[in-house]
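In structure tokens below, several structures.
Below, chain A partners chain B and then partners chain C, in two separate complexes.
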Partner chain A sequence: MNVVKQIFGTDFRQFTMVFALVVLLLGFHIASGGNMLTPGNMQNLIAGNAYVLILAIGMVMVIVIGHIDLSVGSVAGFVGMCVALSARDLSFPWWAALLTGLVVGVAIGAWHGFWLAKIGIPGFITTLAGMMIFRGGVIWLSGSVSVPVPPELNVLGAGYLPEWGPAFTNLNNSTLLLGILAIAFYAWSQISTYRQRVADGETGLNFTAVIIRLVLVGAVLAYVTFLFGSGRPGTSFPVPGLVLVFLVIIYHVITQRTTFGRHIYAVGGNKQAAALSGVSVAKVHFFVMMNMSFLAALAGILFVARATSAGPTDGNMWELDAIAAVFIGGAAVSGGIGTVAATMIGGLVMATLNSGLFLMGVGQDKTQVIKGLVLLAAVAFDVYNKQQGRPSITGRLFGDRRTSESTTDSTKVAPAAPAAPGTAES
Partner chain B sequence: MVDPHAVLEMRNITKLFPGVRALDDVTMTVRRGDIHAICGENGAGKSTLMKVLSGVYPHGTYSGQIVFEGEEMAFKDIKSSESAGIVIIHQELALIPELSVTENIFLGNEIVAGGLIDRREARRRCRDLLARVGLDIDPDMAVKYLGVGQQQLVEIAKALSKNVRLLILDEPTAALNEDDSENLLLLMKGLKGRGITSIMISHKLNEIAAVSDAVTVIRDGRTVETYAVEAGHVDEDRIIRAMVGRSLDNRYPEHEPNTGGETIIEVKGWTVEHPNVPGKLVCDDESFVARRGEIVGFAGLMGAGRTELARSLFGRSYGIHRSGQLFLHGQPVVLNTVRDAIRHRLAYVSEDRKLLGLNLLDTIKQTIVSANLGAVVRRGLIDGSKERAVAERYRTSLRIKTPGIDVGVATLSGGNQQKVVLAKWLFPDPEVLILDEPTRGIDVGAKFEIYKLIQELADQGKAVIVISSELPEILGICDRIYTICEGRITGEVPRSEADQETLMRMMTTTVGSAA
Partner chain C sequence: MKRRTFTLGSAAAAGALLLAACGEGRSGGETAGGEEAGSGFEADATIGVSLPWLGTQNWAEAQAMFEEQLKSAGFTPLIQAADNKVPQQQQQIEAMVQQGAKAIVVGPIDGTQLGSALKAAKDAGVRIIGYDRLIENTDAVDGVVQFGSIRTGELQGQSLLDGLAERKGEGPYNIELFGGGPADPNAPNFFEGAMSVLQPKIDDGTLVVVSGQTDFQQVATQDWDNGKAQSRMDSLLAANYSDKPLDGVLSPNDGIARAIITSCKGAGQDIPVVDGLDAETESIKSIWAGEQYSTVHKPTKDLVAKTVEIITAFQKGEEAPATEESENNGVIDVPIYALDPIVVTEANAEEVFADDPDRLALLEG
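Moving on to the complex of A and B:
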């Protein structure tokens, strides 16, 4: 049983989410008569949802620090319009327009961060104000009409990777290369982690489990590569998807492996304790809010690039999709809990529902109802598990000692180690 | 005046808060390698002094000098005091529940290699640190799964990771049970052996006697006296006199025991399961009685299931009731909600005043009427004059020291807050009053007052149940004592036959099978 745990990991919730996603994809594939898992549909699904997923990356960080950002839709719309206007009215070249958009995003983020970190107005209020200000701003600036964006940007929002190399692969070779790189990197990281843990003297590790996991994940990655690479000629894994994958990797590392990321969780988990440990709470608040608007700007640019023009209602209600993705991904409203990876799964579940229900001819009205119920069910599942004191079902099945030890208030303390000044640090 | 062995001298420290002189010309010297105890009543200025020392209140916000290891210090924040080797462990533990032990220990001082956190190195160092504090746990475990005692040790490991030379502990054992306290005190002695000087704020005189080398008493923001402790001998009376500024001939008021009244409450076979852990019984077949006019003590270590028993009786506000009956005046009753319990004239005063007993945003009068609002309502609206009258009545009868009943409860001292909570629960006119750690966090003078109130209530014909982990307190005021261990009642003795050793033995032995 320990092997099962080593294959699928101890995070039962994340595993369930991945499982649910796979079941949804397969279910819709069958129900729609084989229209779900086609290259064209999946390329559309990724390209058409990349902007929401990018927003969700920033949103999970905001929610982890215990706040929420309601302004992201407005900010995305505002930035998209800034890009379009700077190109049309100020004759900026496409790259300058893009840069302008990002700078405007960072500036807006600094504005939100200032009110939250310096003045102490809760993020909910700060960004509710921001939501109104920038929605009003985009309508004001545009005079309520759509503005075209430089066509060079279109590749960002709707582009595909180049075709090259031998034709006998029957795949888009760029996609194939990415797939091979992904599998190789995954294999390398798994094996080196295993080696490191063995070197550190951990026992009970099972190499077979590592291999089984490698084969499973490798097969999934290979299938995904095939799926995206085998579309009609000229198509591949979409460029916005690539931007998204790139951001997910960067932000995963930032949140999990850097000091700043650690401080985000510390501030969200216990603000006072973090402050007493020398963490600057104001700095964390400021940069998380700033980063959110930066990502909102990027999302807005991707969207207008795909749509080829910026409209006054762009980004309407996006914040709600992003927030839903974060909570389906298992983040806690009270802060301190939530990861970028799980949020991506949450976002993909929503995207799959959208796409699958559309393929089955379910109307927008019913789709909304179903999405609402799924959000409620996912969070109810978390709350229920928490109330039952069952953070992980694997823990209950396989005797995870975390769950059993959490409840004994008697402390198990080994006799104090004999004084050994030689082991003293630094 | 310069002591050659001094590692720390604080000279003429004065710290003002708006309208309050929190510290007034405090001077103290700590010798190298000592465990130096600081005691004083709540609000005397102990914590403020330590916050000045550790840079929580930066240089410039107070006057006076801090000389550490021969150099004058001007800390601008916690980081600068830490880099000098002074680390404070606050009363409220500064750990992040969701983060792992390793992550907590290095929080604010992450081990970074090439811009990324070096988890491997952090885990390795964490294991060393945990071994030094004698803690055998997985460094990757989230802190929320640890007991309070273990968390306290993690805090110390965190301090050690910062290369601490002067460790400040603010009431380190306040939340610990006896075992964990002893463990911690042993560890402090061990650190002393390795040349780490400690300052410990404590209320517990027996602890001070057990480990400290010197004691400084602070009263009303001034140092009253400092003296060395010779060979583990502390003159407790002298410290108490210095703390309260008067001699306390008797820490417990005289009272005629009363155990002959009619039975008001009887509990038979009470069994309750833990709300989160299936199968774990927090109350296991417990039976007891309390009579009119009687003060019944429940002695048990922390985690023995005392609070769980009280709360499960009080409208089943804790745990899952499995079996057992509750009789009031001989009649079986089922209390499914707190409202039921209040209606049947039960009252429960929680051990956690700030979290469960009070809404700190409320005023005194709002708090006092809050458990029985119906009594001050007229035609659907709260009757302001009735509310005032009730609050004034309790203010006088309980001797609550306050400028007025419109004052926020947050501004009161611990003792007066406790009186307000008592008033809140007396207003519904209970027959059975369950007091859970009624004097926790209250200074010596106020404790005496609370004891007197408890006795007056018993004399008025109420059955008073006192839950406490302080044995002298149990022995000082209770007429009859039950002991609890691991969710079972392990003994019952009248006060006349009880002493600390017998009680402690019964509090640490389970009857029947080992749980």
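Moving on to the complex of A and C:
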């Protein structure tokens, strides 16, 4: 039993969310007659939802500091339109248009950050204003007409990695290489963590458990690699997915391994205590809001790159998709709780539901109802558990190590492996 | 340590050489699965139909008619609607390709924003037919079936003039203009067609646009939202018509026409002459009751029948039927299969709907 615990973590139920995702994927695969877990569909799922997942990365940080950002959809739409217009009307080359978009995003973020951090207007209101301002802005700028974006940007939103090297692998070798790197990195991190803990004098550790876990996670990663790599020649793990994985790793490290990350959780958990401990609350507020709009800009650019043009209604209601992903991922409305990795799982659950229901031919009406119920169920499960004094899904999955063997620090979390961010350590 | 670095380095170099020697990976790329015209597909193939939403009657009818007509032509229909959200429509089209659709009919939400999804469909050998709206900014479209949108606008404008002469006596007439949702490529065309009829009459003083708002951008109704049209009418009436009558309003569709009439009733105005589009149930009742003057009927049945006819040609491996018109979508010239719409007024309603039992019943009710 002890070995099982060391393989799956201290509590088997901590895998609830990941487990739910796997069940959904398999369930839809069967129900749709084998159309779910196909290379094409998985590539579409990642490429088609990358923009929401990127928004969710920023959103979880905003929600952790106890605020909310309602403007992300409008900001994404506004930035997408800026990119399209700067390329068309100002004849910017594609890279300059892209940079313009990101700069506009950061500037908008600084604007939101200023009102929240310096003036003290709650994020909800600052960004409600931003939602109107930038929705109006995009319609104003565009004259309500869709504007094509430079075709070079299409790679960013809908591109695939190159084909190269030997053909006998029967896979896209770029994807294969990524998969091998992911497995190697996971193995390295697991073994070095184990060695560290042994060196720290921890007892009762079982190396076999580490190996079994490695084999299990390695098998999942290998399968994912195969799934994405074995599509139609010319397709691979999609480029927007790669951008997403890259961001997830960066933001996972920022939130879990840096001082700034700890400040975010400190401010969200107890603002007064954080301030008294010398954390600059205003600075944290400012940068988290600025970062959110930066990511919204990136999401908007990815979207218009995929859509091949920027439209006046781009980004409508995206904020709600992002917020749903964060809460399904177990973040707390009151702030202080929530992780990037768990949020990605939450977002993928929504994306899988969407995709699976499309494949089964379920109409938009019923899809909306089902998604609403899933959101409610996930959050209700969380709240119920908290009332029972047990850790939340988040706590079980990724965060809190207070229940574990004591020596590890409470914010330590397994590194997110590409395409399998839910694989937690012990 | 040094030695290890060296070993790694040489291994990497050797690997790179080996890979380079092995060529360019999997071949195929773009052409994989691509079917040239002339190859056809199975007679019971899956045909995808991606509609923008079911929030207006014409789309709900299209859904039912595609289901019926595709089935009776022997195909397996796969019909979905996207709740007016572009990302959902993109994902639906991709899902249809996954499910093995051989042809996909797309009624786009925004005709410019489906480039990547349609390219993926084309690469998989799927034939793509635009339905009701032009698909822009991509070469992945085999043709568009629609009612001529400029022609529709002309009919709307002409009908407004006829109605004014019939109901409001001698001119000059005070009128206001409304346009459709600017993201729909048809909307500016409707307006352009209508203005080609109305502008000469505005210039010679027969028609007076009291508010002075005559640009499409000024008169457009975001998302074809009836509520927004009603608010705009409310403010136009309050600002310009406290001391004069409003004789006529150009309306791009039936929902907006009814919003305009509601607003005029609320402001205590006589009901102006209002045209419409789509022959929606409520508007037919309104026309029959003598309120809305006219609507332009685009029989969904005909449009769907034309679409199914083209799909059947593709299925047999024939070329698509020839067209007279084509329109540049920014990348290629898209063949346009244009059908002619019909103006319906109180006078000819019974005749037009003679073989449409659902609508005919409204006139008897």
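Everything that follows uses one rule, which is that the second predicted complex is superposed on the first by the 386 of 426 C-alpha atoms of A that agree within 3 Å, B and C clash if a C-alpha of one lies under 4 Å from a C-alpha of the other, contacts with A are read in each partner's own complex, and residues count from 1 in each chain.
The rule is simple: contacts are C-beta pairs under 8 Å (C-beta built on N, C-alpha and C of every residue); 3 or more make two chains touch, one makes a residue touch a chain.
Predicted model, so just to flag it, every value in this text is computed and none were measured.
**Student:** Could you look at A:G363 and tell me whether it touches chain B, chain C, both or neither (first, second, both, neither)?
**Tutor:** A:G363 contacts chain C only, not chain B.
**Student:** Return first, second, both or neither, reflecting whether A:F303 touches chain B, chain C, both chains, or no partner chain.
**Tutor:** A:F303: touches chain C, not chain B.
**Student:** Examine A:I119 and indicate which partner it touches, taking first as chain B and second as chain C; both and neither are also allowed.
**Tutor:** Once the two structures are laid over each other on A, A:I119 reaches no partner at all.
**Student:** Can A:A274 be said to touch chain B (first), chain C (second), both, or neither?
**Tutor:** After superposition on chain A, A:A274 lies in contact with chain B alone.
**Student:** According to the stated criteria, A:G48 is in contact with first (chain B), second (chain C), both, or neither; which is it?
**Tutor:** second
**Student:** For the complex, give me every residue of chain B touching chain A.
**Tutor:** The touching residues are 56, 77-79, 82, 90, 92-99, 103, 107-110, 112, 115-117, 119-120, 123-125, 128-129, 131-137, 141-142, 144-150, 153, 158, 160-161, 163, 179-180, 183, 186-187, 190, 193-194, 274-277, 280, 302-303.
**Student:** Per the contact definition, I'd like the list of chain C residues that touch chain A in the complex.
**Tutor:** By the definition above, chain C touches chain A via 18-19, 22-30, 32-33, 53-54, 78, 80-83, 85-88, 90-92, 94-95, 97-99, 110-116, 119-120, 123-124, 136-138, 182-183, 217, 220, 222-223, 330.
**Student:** Along chain A, where are the residues that touch chain B in the complex?
**Tutor:** Interface residues on chain A, with respect to chain B: 196, 200, 253, 257-259, 262-263, 265-266, 268-270, 272-274, 276-279, 336-337, 387-389, 402, 404-417, 419-421, 423-426.
**Student:** Under the touch definition given earlier, write down the residues of chain A that touch chain C in their complex.
**Tutor:** Chain A reaches chain C through residues 32, 35, 38, 40-41, 44, 48, 51, 139, 143-146, 148, 154, 157-158, 162-167, 170-173, 232-234, 303, 306-309, 311-314, 316-317, 354-355, 358-359, 361, 363-364, 368.
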